[in-house]
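Structure provided below as structure tokens; questions to follow.
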Amino acid sequence: MKLGFCAQNYSEKPLDEVCKMVADKGYEAIEIATYDGNGQCDSAEMLKDGKAKELRKMVESHGLFISALSNHADSLLILGPYGVDTDGIYKGTKEEKIKFGTESLLASAQLANELEVDVVIGFTGIENFGRYFPFPYAKGWEACENQFVELFLPILDKFKEYGVKFAVEPHPNNLIYDVHTAKRCISLVDNHPCLGINLDPANLIYLGLYVETFINELPDRIFAVHAKDGEIVKHNIGKGGILMQGEWGRLDRAFRFRIPGWGSVDWKTVITELAMIGYNGVLSYEHEDVTMSRADGVDKCMDFLKPLLIKAPYEGRTDKLFTI
Amino acid sequence: MKLGFCAQNYSEKPLDEVCKMVADKGYEAIEIATYDGNGQCDSAEMLKDGKAKELRKMVESHGLFISALSNHADSLLILGPYGVDTDGIYKGTKEEKIKFGTESLLASAQLANELEVDVVIGFTGIENFGRYFPFPYAKGWEACENQFVELFLPILDKFKEYGVKFAVEPHPNNLIYDVHTAKRCISLVDNHPCLGINLDPANLIYLGLYVETFINELPDRIFAVHAKDGEIVKHNIGKGGILMQGEWGRLDRAFRFRIPGWGSVDWKTVITELAMIGYNGVLSYEHEDVTMSRADGVDKCMDFLKPLLIKAPYEGRTDKLFTI
Amino acid sequence: MKLGFCAQNYSEKPLDEVCKMVADKGYEAIEIATYDGNGQCDSAEMLKDGKAKELRKMVESHGLFISALSNHADSLLILGPYGVDTDGIYKGTKEEKIKFGTESLLASAQLANELEVDVVIGFTGIENFGRYFPFPYAKGWEACENQFVELFLPILDKFKEYGVKFAVEPHPNNLIYDVHTAKRCISLVDNHPCLGINLDPANLIYLGLYVETFINELPDRIFAVHAKDGEIVKHNIGKGGILMQGEWGRLDRAFRFRIPGWGSVDWKTVITELAMIGYNGVLSYEHEDVTMSRADGVDKCMDFLKPLLIKAPYEGRTDKLFTI
Amino acid sequence: MKLGFCAQNYSEKPLDEVCKMVADKGYEAIEIATYDGNGQCDSAEMLKDGKAKELRKMVESHGLFISALSNHADSLLILGPYGVDTDGIYKGTKEEKIKFGTESLLASAQLANELEVDVVIGFTGIENFGRYFPFPYAKGWEACENQFVELFLPILDKFKEYGVKFAVEPHPNNLIYDVHTAKRCISLVDNHPCLGINLDPANLIYLGLYVETFINELPDRIFAVHAKDGEIVKHNIGKGGILMQGEWGRLDRAFRFRIPGWGSVDWKTVITELAMIGYNGVLSYEHEDVTMSRADGVDKCMDFLKPLLIKAPYEGRTDKLFTI
Amino acid sequence: MKLGFCAQNYSEKPLDEVCKMVADKGYEAIEIATYDGNGQCDSAEMLKDGKAKELRKMVESHGLFISALSNHADSLLILGPYGVDTDGIYKGTKEEKIKFGTESLLASAQLANELEVDVVIGFTGIENFGRYFPFPYAKGWEACENQFVELFLPILDKFKEYGVKFAVEPHPNNLIYDVHTAKRCISLVDNHPCLGINLDPANLIYLGLYVETFINELPDRIFAVHAKDGEIVKHNIGKGGILMQGEWGRLDRAFRFRIPGWGSVDWKTVITELAMIGYNGVLSYEHEDVTMSRADGVDKCMDFLKPLLIKAPYEGRTDKLFTI
Amino acid sequence: MKLGFCAQNYSEKPLDEVCKMVADKGYEAIEIATYDGNGQCDSAEMLKDGKAKELRKMVESHGLFISALSNHADSLLILGPYGVDTDGIYKGTKEEKIKFGTESLLASAQLANELEVDVVIGFTGIENFGRYFPFPYAKGWEACENQFVELFLPILDKFKEYGVKFAVEPHPNNLIYDVHTAKRCISLVDNHPCLGINLDPANLIYLGLYVETFINELPDRIFAVHAKDGEIVKHNIGKGGILMQGEWGRLDRAFRFRIPGWGSVDWKTVITELAMIGYNGVLSYEHEDVTMSRADGVDKCMDFLKPLLIKAPYEGRTDKLFTI
């Protein structure tokens, strides 16, 4: 396993500068945003004139490699919500939003192909997450599933052509957010080889899900992993609950995203189960922690997580106590 | 405190029959549904020709009284979601839905006035509950709050005219669902005397909220209480999480509504804090428990909850150990 | 569900007397021991001259029915341990012990057939339970499994002829003691229709197993249920652990069998999951609780467990809130 | 075991009336206060003219018996605090307070002798409980222990003459308040046969003590038991802690005394361990619960605790499964 | 945040030597004792002839700064206990003790002014901590509060003149020991700007208080922080409880002070909430851990705590995912 | 305390190579296997021609010392099981196995004497661990104890002659596996000075034992300590329980051995209590962790455990706060 870094943590800086900084700190890989307007990497631009190759060379010049491309923002438009909720990403009719999201996601896949990167990460979105509750629209979830197949199956086939995999990040407010929905959606597209998971433990634990169960139940579908933690703020939970709304920075929040090791994720267990299923890829550190600077995070994530990464599987012992 | 019964548990039976049955079992009050098409009580009909008086007399003939009217289904239309999600309640444009919900809720209030019942219970609804999450629409929650003030303030003023209070049932998938949103909405309508809470513990606990904190923080706003429990199904939580979708009856559900005493609610604590704030009203039993028959529930709720209800506050002791 | 009674709790009294006593207390069914020398029911004797019919009539005369026969002691001999460990049950060579256990178990099945009782309960035994640990005999468990197939498959076929099912009681110190071994053994005999489980929660919880998971994983194999609880004695666990040896009555024991409701079993959860899989049979109370008299147990088990038994499955609600 | 009642719960009523009320409710024994000014029983008065006999006859006329006399208030004066802290009990110099407390306690013992009651209950007091902390007076606790021996040894010898035992109620703010101090003080008076414990679980649990460990460690010194519970109010603990000061009735208290079954005491465990050490006496219900009326308590204590009392020890089973 | 060191840990060594040692180990600040007879710093002496300046220069010569002065021992005399309990600090009548404590505390403030140090730390003391319990002296706590205002208000005004703040260390056995008493005392002196808190987590957790709640409730009153941990020794708690008396070194103690990271304090949570309220000062390591040498502590505290200190607040991210 | 290494972790490498590798990594001591066929150290061979001295010199040349010899495999034969279960260790009759085990253990002791090593570590074995359960052979455990005295007392006397101690490793599937059996066996051999414990926390925790209690109860019998951890795999426990059989590497195992810091052992508590009883020896790291390579373990154990080892006991503080 290796420790990577999400370049979008410092989207105000040029990619080159970010790569240099994190390589110096000991990070080994980088995840690059390719959604519209991310400020660091414009897919359309990069697909021109061999620029992708230059990008790759630049990354490698720092001793890093690109672990994945991120299309988090735009891919959300495909299943919605549409309307005012996503106008900040792209303003348009439902159909225009779907088209925009789809094209952006496919451009990321094409760029991944150019960059020889295996994985593009994104969200599925969902029209109204309130449909998790069977009232007042009992068939609401099924409707979303149908929409998923209709809109994503062609996308996945395109990914297959590019030789790239789509790693959905399970997250409340999306169609895929727990073990059941992840397995269900994979089965709805006939176990399409290009559909898998970007495991972000922080998004799972606040619903009570066991990250380790997620890993064990989808051993061949963990395409990428985010090193992000989430803190269930115990002394605030009584008033706000785990689904608390409001600004990330409010003092009385009952849930906050954190850097690895400062939240409720049991990283040794997560890393153990990743090792047990043979995952040997990158854990990519994303900073959404409102309690400390990104510079704090860069150091603390390295200090905490790097020594825990498992380098190789057990090769057995040869003595009598273990070979009878 | 008294033990009441939600007549809608047996909506396929006439009200008279339900009243007789539950009075025989020892229940002391009844909550009656008044939303459209509930099958037991049509507000428009009841407001004619002194029928409300007859209804009240019928209820009292069984030794019961009406604790509250329920407008759960229709009031949801006021803040939404609109569109297909609520077509099962009433099909129409957004404006038509708002109008329908508002009129139905006000009719309930008018009927409550006729029946000399203090409280009408309902939901607020919300256009898209996914807005609890600040991304992708950071101002989304505030937009819902503005809509709440615009649409509900006139309703609350009407309630005031009727001398009736509106008890919102906090519930995920609604604008009011935790301590913060409850206090916030009350403050947004300038502490309107007619806005309060129907405390349904089952809806709160699955978010990790403390029901006792809810009671302590809103001591003068608990207008009604539902005797409904919720089971966080521990051995299923790892895969499905507390926000699990899917049919209520599936074996692997991680959360189910239950009858009192069979879920995760600590009823002694809830009853204790209700007593501490001086609540001396009804706990109204609602059956949404998929694991057992309603007949099981009628008996088991009585067996479990009745002996726990606190009849009177502490009057002190007079001996030396307590009066120095 | 119904509450039953294990007649062997009072093996010093004649069956008739036990039936009378427990019927008076409100028990609805009886489980009868048929292993050698149990003092209440001799299989060989009962198979003569229509005596089985008389027995059944006697039981029914008290308003009871026979829920199952118990062959706990003798069936243990089939897989062992042999040698001195089981000389108290029957003294002989390994082969003689197997023969004795097999014949006793089959006599019970034959008697069940005569009595029109569906289920015979027993243990499997195991030659050396220490083989759960892969050292020093890595193939030890597999050897026991092979022995199980060899010795029990013919027995199960005989049961099939008698139209009787064999309910193994999972228990440490037996081949079947957790979910894995239960499913494994059923699969080893090709899902033989006569092999199932007598669920005794007390035997499971001290290993940390979830009784509810056991039920959910083997929904069509729960043939019988024992109402027995087990107390993990928290203040003693630090010194003795959950596998503590020594007399049942020692004050510092870290695990004790208890009557239902006085141990660590969560009975509402167990009953809920039994209801969810459609189990509608008997919970048969067995007294091995060293902290109180059997008379205490007879009353306390009835007080605690009877009101919790679920009588019928959920039939649904018909109102708008549940039928959209 | 039997369920008793502390007459001082209703000190404003005459003893006769209290006896009648609680006997009607099913209580079997009564504890009577004999400290100065208790309003129900004046030791000096009772020691005159055979009045003790009349009292006893009155109690027995209700089918009750006297389980113990209570000298809680006055005995506290013996070790203090003296000064203003105990002026409410008796105003005087340190020496006068000691004399008053000693004489009152001995008068209770004498009355117990007259009434043929085995046990007098009281506190030890302590000059300054802050001495539990070794700073700033490292020898402070030892000083209190010396004072205990000096003042209590003569009292215990007097008790011996009367054939009465002194049951100290362990309680923070007294010299005896945990297992160590209880055993230490008994050893300091050379295992005096008249020194033992009135076990009041509520006083123990808020320090984190295990009531069951207390019972197991002092099996022959549990002379009496109080049926009093204590609630560690979880949602208030973060601000106030378990040693919180302030009026008993404040809403945000982190610890409150409660009636049995409404606090943090695990009564089944307590009753189990009492049965295991052979305790077959009374559990005497004392009401200091500020959340409900005494009438609520009288009923709820009976409903909760009576069915749990263990009537007899295990007599064993005689079948093969238990006699090999 | 910075890691500091309490010089009194090595009171047998000269200050200069201590400063050298801890600066070499990476500590950044020093807290210096100024109570009578501390062996390292005599206030009266230091106030003469510019000696304060020399002291400061010496400290700075090691690259350290003085985070605070400590007047723990003497300030305790102001509210008591008086009498024998505090004779070890200063022998005298109540009035003499108050005078001594007051003058010592004010001398510390004067010296702080000379040294340009912001904060003096101390205790409040309390006459009898047993008054947390409302019996037998219901007005006892209020009496202590009155005494606090009378004796400390003039002191605080003097502090104001010196431009120095008084940081009380909440601690059982003192008037200020939880959130309620801290807020209450601040309000009793009309929010005097010079009264605040020296947060020592170890003193809080054994009462069950949440350190994070303390921080959140008094965001502008945390004047200093001690890096001291406390271990609730779980396997000893059943016998001794959290208020256990006896020597610090006894093996069966249920509570012990520990170095940071070896007790029950959740340091990441504490540091997080300190960061959230904008605390950017020193955490000063105090060694009262009886399980290991001070040299062990010096290293282990640095290893554990230094990497956790948060250097700067979150500055936000600028990409689309966070700026919509 | 020092960190040591079990040479048998790399039994496929020569001892010299292992010593070099671990010394380079910072380990300070080595434990060497001496059971038959261990591949690194043949007792018989070593007892010849001063070879022991050479071995010792080789070890010391790397800056290491030998903390103990390990006779785990062969010593197990002394109490069994015999038969097929231990044929992998040595094939023979019961008597032959006992003889082989005894001689191998004594050879280890003789070699320890030659090497000036204090301790030989081993197991006791047990004929059938199922005898922990009193049925069906109530006297079974006692029989094993008798056998222990008969076979081990002569061995211990021989150890005494050699001036070497025997450190039994408590482990389920052995006669000594908890506090009770450890103390019992020591008492059965009249507190023989040569019988003590090799504390391996991993073997204790899965039964729920408290390692710290073990240490506190046997303060003068902890002869050696293994640095081995055990993971109770929470998400697997419901199906498999803590006594789960099956290969160490199966994904759904509910218990696995782990390297220190990756399991359920609370190492700070263990190290604290070891320090409190004055243990100042070696913690010897043994790798049986199937989730990662031994190279991972060598580094991670050093990173995790070395900084936690306590170097010296508390020497006290000399200031007023601690010496009054």
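We call the chains A, B, C, D, E and F, going by the order they appear; numbering starts again at 1 in every chain.
Heads up, the rule we're going with is that contacts are C-beta pairs under 8 Å (C-beta built on N, C-alpha and C of every residue); 3 or more make two chains touch, one makes a residue touch a chain.
Being a predicted model, the structure only gives us computed values, none of them experimental.
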{"item": "Set of chains adjacent to subunit A and to subunit C", "value": "B, F"}
{"item": "Rotation angle superposing subunit C onto its copy subunit D by C-alpha atoms, nearest 5 degrees", "value": "120"}
{"item": "Shared interface numbering between subunit E and subunit A [over half = same, under half = different]", "value": "different"}
{"item": "Farthest-lying chain, centroid of Cα atoms versus that of subunit E", "value": "C"}
{"item": "Pair joined by the larger number of C-beta contacts - A-B, B-D", "value": "A-B"}
{"item": "Where subunit C and subunit F are represented by their mean Cα positions, the distance between them in whole Å", "value": "39"}
{"item": "Centre-of-Cα separation between subunit F and subunit D, whole angstrom", "value": "49"}
{"item": "Chain centre separation in whole Å, for subunit F relative to subunit B (CA means)", "value": "61"}
{"item": "Intercentroid distance (Cα basis), subunit F paired with subunit A, Å", "value": "44"}
{"item": "For subunit D, residues contacting two or more additional chains", "value": "73, 88-89, 136-138, 210, 213, 235, 238, 252, 321-322, 324"}
{"item": "In the complex with subunit C, residue positions of subunit F that touch it", "value": "73, 76, 81, 84-89, 126, 128-134, 136-138, 140-141, 143, 172-173, 177-181, 204, 207-210, 213, 217, 232, 237-248, 252, 254"}
{"item": "Interface residues, subunit E side, partner subunit F - complex", "value": "8-9, 11-12, 33, 35-39, 72-73, 88-89, 231, 234-235, 249, 251-252, 261-262, 287-296, 299-300, 303"}
{"item": "Of all residues in subunit D, those that touch subunit C in their complex", "value": "210, 212-213, 216, 219, 268, 272, 275-277, 307-308, 310-315, 317-322, 324"}
